[in-house]
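Below: one structure in structure tokens.
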Amino acid sequence: MKYRHLVITDPAKLIFGTAPYPVKTRRGLHIGGGQVYSELNFTLPVMSINDQTLPEVYAHYRQITEGALERALQLNSKGVILEFETLLEMTKSPATGVEIVKIMNDICESFYQKHGLASEIRLTPNDLREFERPALQRTSRLLEPMFQLFEQGMLAGGDLLSIESTGGKEVSDEALMMCDIKAVLFSLAVLGVRDMQFLWEKIAALARQHGKIPAGDSACGFANTAMVLAEKKYIPTVFAALVRVISVVRSIVAMEQGAVGPDKDCAYEGPYLKAITGIPISMEGKTAACAHLSPVGNISSACADLWSNESVQNIKLLSGMAPVAYMEQLEYDVRLMNTALKKGAAYSRTLQQLLVESDVYTDAQALVLDPSNVIRISSALIQGDSYVANARNGALEFIEILEETLASGRMTLPEMELSYIPVLREELQSIPDSESDFIEMMLPLLDPSKFIPSEYGL
Amino acid sequence: MNYILSKLLEAVEYGKVDQGSPYPPNLKGMDGAHELTQKALDAGIMPQEILETALIPAMGNVGRKFSENKIFVPQMLMSARAMGASMAHLKPFFASGKIKARGTFVIGTVKGDLHDIGKNLVAMMVEGAGWTIVDLGVDADAESFLEALSNNPGAVVGLSALLTTTMINMGEIVEKIKENAPGTVILVGGAPVSTDFCRKIGADFYSPDPRGAVEFLKQLAS
Amino acid sequence: MKYRHLVITDPAKLIFGTAPYPVKTRRGLHIGGGQVYSELNFTLPVMSINDQTLPEVYAHYRQITEGALERALQLNSKGVILEFETLLEMTKSPATGVEIVKIMNDICESFYQKHGLASEIRLTPNDLREFERPALQRTSRLLEPMFQLFEQGMLAGGDLLSIESTGGKEVSDEALMMCDIKAVLFSLAVLGVRDMQFLWEKIAALARQHGKIPAGDSACGFANTAMVLAEKKYIPTVFAALVRVISVVRSIVAMEQGAVGPDKDCAYEGPYLKAITGIPISMEGKTAACAHLSPVGNISSACADLWSNESVQNIKLLSGMAPVAYMEQLEYDVRLMNTALKKGAAYSRTLQQLLVESDVYTDAQALVLDPSNVIRISSALIQGDSYVANARNGALEFIEILEETLASGRMTLPEMELSYIPVLREELQSIPDSESDFIEMMLPLLDPSKFIPSEYGL
Amino acid sequence: MNYILSKLLEAVEYGKVDQGSPYPPNLKGMDGAHELTQKALDAGIMPQEILETALIPAMGNVGRKFSENKIFVPQMLMSARAMGASMAHLKPFFASGKIKARGTFVIGTVKGDLHDIGKNLVAMMVEGAGWTIVDLGVDADAESFLEALSNNPGAVVGLSALLTTTMINMGEIVEKIKENAPGTVILVGGAPVSTDFCRKIGADFYSPDPRGAVEFLKQLAS
């Protein structure tokens, strides 16, 4: 791993709106530069995407963008990020995705010219490779449309580039359901890391070439999936919290390859990436209840530079279209944080303290987001000599913190959850330092029909 | 209940695959589903009885505990594996007609959609209820469902979709099935699906969770 | 007016979660007793209500109640109010409304017995009288089903009684559109006050008889309507702000007749009622974006004892049913306030300050909700000898504050808004002290076909 | 343009009802729509021309400014009143057939629903565009729409609803109208209504605001 030192060592400095290395955008947003912005995400209502419906698809994105920016303007927004996370058809036919970026960018530009409201588009193509099973991560022809969309989409105005890539997911899907922490760690710290190196080298190069911003890649298919499963009580929250920590070594590879942030919202590795690398991050919590329920509604905003709603369909509520309503909710949350920032460190620290304390002892996944725990675990995540060792050390450090917290009586967990802790620790401790030893240990245990080692350079 | 069968029920309920398997710790070294099924057959117990008196009730208990949030998925998966170990012994009797499955359940995630975690859980629980599963995987189109139906006449179909832009494909698939294999019962599910939507596309039943599907199928089979 | 002194004179004491006269409920909620609770409101999706669909209607309310309480439980809620605001058919056939209360109350009771989660139902029948035009406020036969629903509904478990009564609306509807402040004041301080006296004497008596809680009656049809119209830029925000102040003298009549709070959410007279009478109140803001957009998303929570979402349909979002998502959003907002309350006055004061400052100078309607302005205007609202004089004095005091604020440069308003201020002041100044003089002044100016004076005892 | 007509256009646009009316302050003491219309007629200008060249363009300007948020409703209402003062003079010519209105617009808030603020605004702006308005008020059922249509054959219908439980009544009314008065054009609106819903119930046009309705009607009439 490239990073050997924390950029932020003082938990008090790991705070919303402020990142050591802020990102400046074309229309003048200064992400992490002293204030928080809203990041609105949205998607289509129930409908199919085909040649007949394309005009309607475009009309939806137009309506969403206009409605959201209009509302942001009325609320004196300091600026907005609009995330365009594509659906299958928009990546498979990149022209469709590019057209949507154009539509959105024109509207962004006109609000900027007419009213001075700055907004930017985060372009997040979906990872097509998983349509082939087992996936051909490096040799698939599906990489072509994906990169076409990246390149033409950024030229059309998609200035921030992200993806939620799925390398390693072939192994993690089952591993999550079995709560097999070793297999999860293998999928993230071996397969995920290698695939991220492959993908992000390319993405960062493209972005450099066109002067765009390589933002980041969150482990949605891993950590967010684990959270949703834990929320349904399908797997222990303790396990989901560990997945989040382990994800860090996978997602940080984007930065190692040149990504500068803002990191994407949905897997919550953000605070770790911010502490270790200093990039600004996007986070989501209570105001993403439209997309999934959350055990970290407040605490997740403690270190956010962008505050996101994850995703909402363009459907009608009593007040109007849902993206407009969510734009408003985000803006009010963000206003509160920005008021505190403006009044100075004492105020923002107090607000952060309240955000943290209101959640921290209610769920293991909240504990993982406490800024002081983030710093402590981050130190463990950068000490070793391999991604594997780092992931294991971070995970064990979290178990340490969890047990301290339980012992202190500040947090309680049901027996069903507690019984997993010693098992998980034991399994983690059995993981060797070296990647090759770990691979040797794991390969015989994994279903060979599920993934192709050579597609990860193994 | 016969002693061997009650042991087998316990082995499946707690996910003991075979003697050597380390899980669950408190059954360490004891016979698992594998050995107990062999013993039951050796003792002359009818395969159908093994299925009906031990395996299905065991999985019923597991399903109940799961839907009451008393166990996590891994425990349920271990039970499913134990049941699988037992079924391996019983397979020949299905072929020979000595055991009748409850029916066949053809399940798949619809075209354009890759989300299969939910679908897999449903498949597993329906299998646990004594149905034969034909899993079409993800990104499954109408043709593959029709083909599966022509190979398994009378099968019940389950469709899963997680995207607002793929659930609409369910409608198309339902239409084609009802046209080409009239009378086929179709279940639908997945996070964005609802009873209203189910009704609208002409499917027969929606359930927000695997348990509802199992209950519905139980009534269907009886 | 009965109240001649403020119960709260120090703006620092006018704060969320704490009311001088808290309200205790059957299942142990202590509203205004040191913590804030969520108040969830909800309604049916697009569907008709008739004999065929009744089972489906009931199923919706069952699903909503179960889903919301389940989520509240998972989030360790301290307690929840569920507002059942009826639709026409549920009041016209009170049996339908009562059945829904029963369904909801059974679920509340079972969550209380099984899990200790306390929740209560606020029963809000709709005011049927407006179906007759001009309305027969005192002699209508439609009062019968309304009071049947009140009585049988409270016996079925609707422990908190509210209504958004519409006496005076015949005059205010047009007055709002014409920005006719004198007519608005007439509709509220004369007609509204008189109708409230008539209605609330009855409601309070019924509640006393059965040991239930007469909660309150917000001027939704007046102040909330004005806000929605201002939000659409149909009328000036300055005007909408004045309507809110004037509403106070009408809504306080419920307390004069025995209502004890929590006052209802949607018209924002709450902070005034709390300052003047000491009752706990319900408020709504950013988390009501599902129901209407708002210029007071944060500041409206500054003095809230219940925090509400106004209303959301039972439709599906990506995460699940919308009421469940909104339950979650409310709970996280409330957690933040409760964490501050628990940590002591310094923290809750700081959080309140941030909530207030983040909005206060962005809209005239926000200015009206600043706790120190509330105290100042409230003093003006209780000095006179008639409701009419009080309403006028309060309104003029607000104009005073508005002009001071504009002069200080902390707030700016577009010319279109500014030009209304002198006109409104002049019109307000022309209003006499005595009700009878005012009636004499207004009657000739009003359309006699629209309302029946004798129905107001005139 | 004729000087009187241009003054009339101004009077209506800025809401000057008659000489005595205090509003707007900057036109104090000057002729209002009332006087100017009389003068125009006295000058031999054709009623149809007064309507087409002064009143409708004036209200068009008002509508535009309103939808650009440059004026508030009261200003628009004053213009509507000024137009009303003018129309009082023109009324006889409608009766005699000397003026042809753009058409008749029958509007109402549907059964079970009392929200009429939005409906009233729509009616006012459509009237401003030269249509004759038949306002059925609130809580209007299918029968009252059918009756109005039989009294005003060929009229266009506008339905308003603000409740999720009354918008469904729109469907019933549309159905009955299309059955009994086929060919009738029906517009729908109100906060919870959407294009999708409009399509679903078979109405012809949805607009989120009065402006859209006016534009649609303009095209319809031309």
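Read from first to last, the chains carry the letters A, B, C and D; within each, the first residue is number 1.
Heads up, the rule we're going with is that a contact is a pair of C-beta atoms (placed from the backbone, for glycine too) under 8 Å apart; a residue touches a chain by one contact, two chains touch by 3 or more.
Computed from a predicted model, the values in this text were never measured in an experiment.
With centres set at the average Cα position, the gap from chain C to chain D is 34 Å. Centre-to-centre separation of chain A and chain C, using mean CA positions: 40 Å. If you average the CA atoms of chain B and of chain D, the two centres end up 62 Å from each other. Shared contact sites, meaning residues of chain B that touch two or more other chains, fall at 164, 192. Counting partner chains per residue, chain C has residues 43, 313, 318, 320 touching two or more of them.
Taken together, the touching pairs give a contact graph of some other shape, not a line, ring, star or complete one.
Pairs of chains meeting the touch criterion are A-B, A-C, A-D, B-C, C-D.
Within the complex formed with chain B, the chain C residues making contact are 316, 318, 320. By the touch rule above, chain B contacts chain C in their complex via residues 164, 191-192, 194. Residues 43, 71, 75-76, 285-287, 289-294, 297-298, 311-313, 315, 317-320, 322, 324-326, 328-329, 331-333, 335-336, 338-340, 343, 347, 350-351, 354-355, 357-359, 362 of chain A are the ones that touch chain C when the two sit in their complex.
Per the touch definition, chain D reaches chain C in the complex via residues 69-74, 77, 112, 114, 116-117, 120-121, 137-139, 163-165, 167-169, 192, 197.
Residues of chain C that touch chain D in their complex: 43-49, 87-89, 130-131, 133, 173, 176-179, 225, 229, 233-236, 313, 416.
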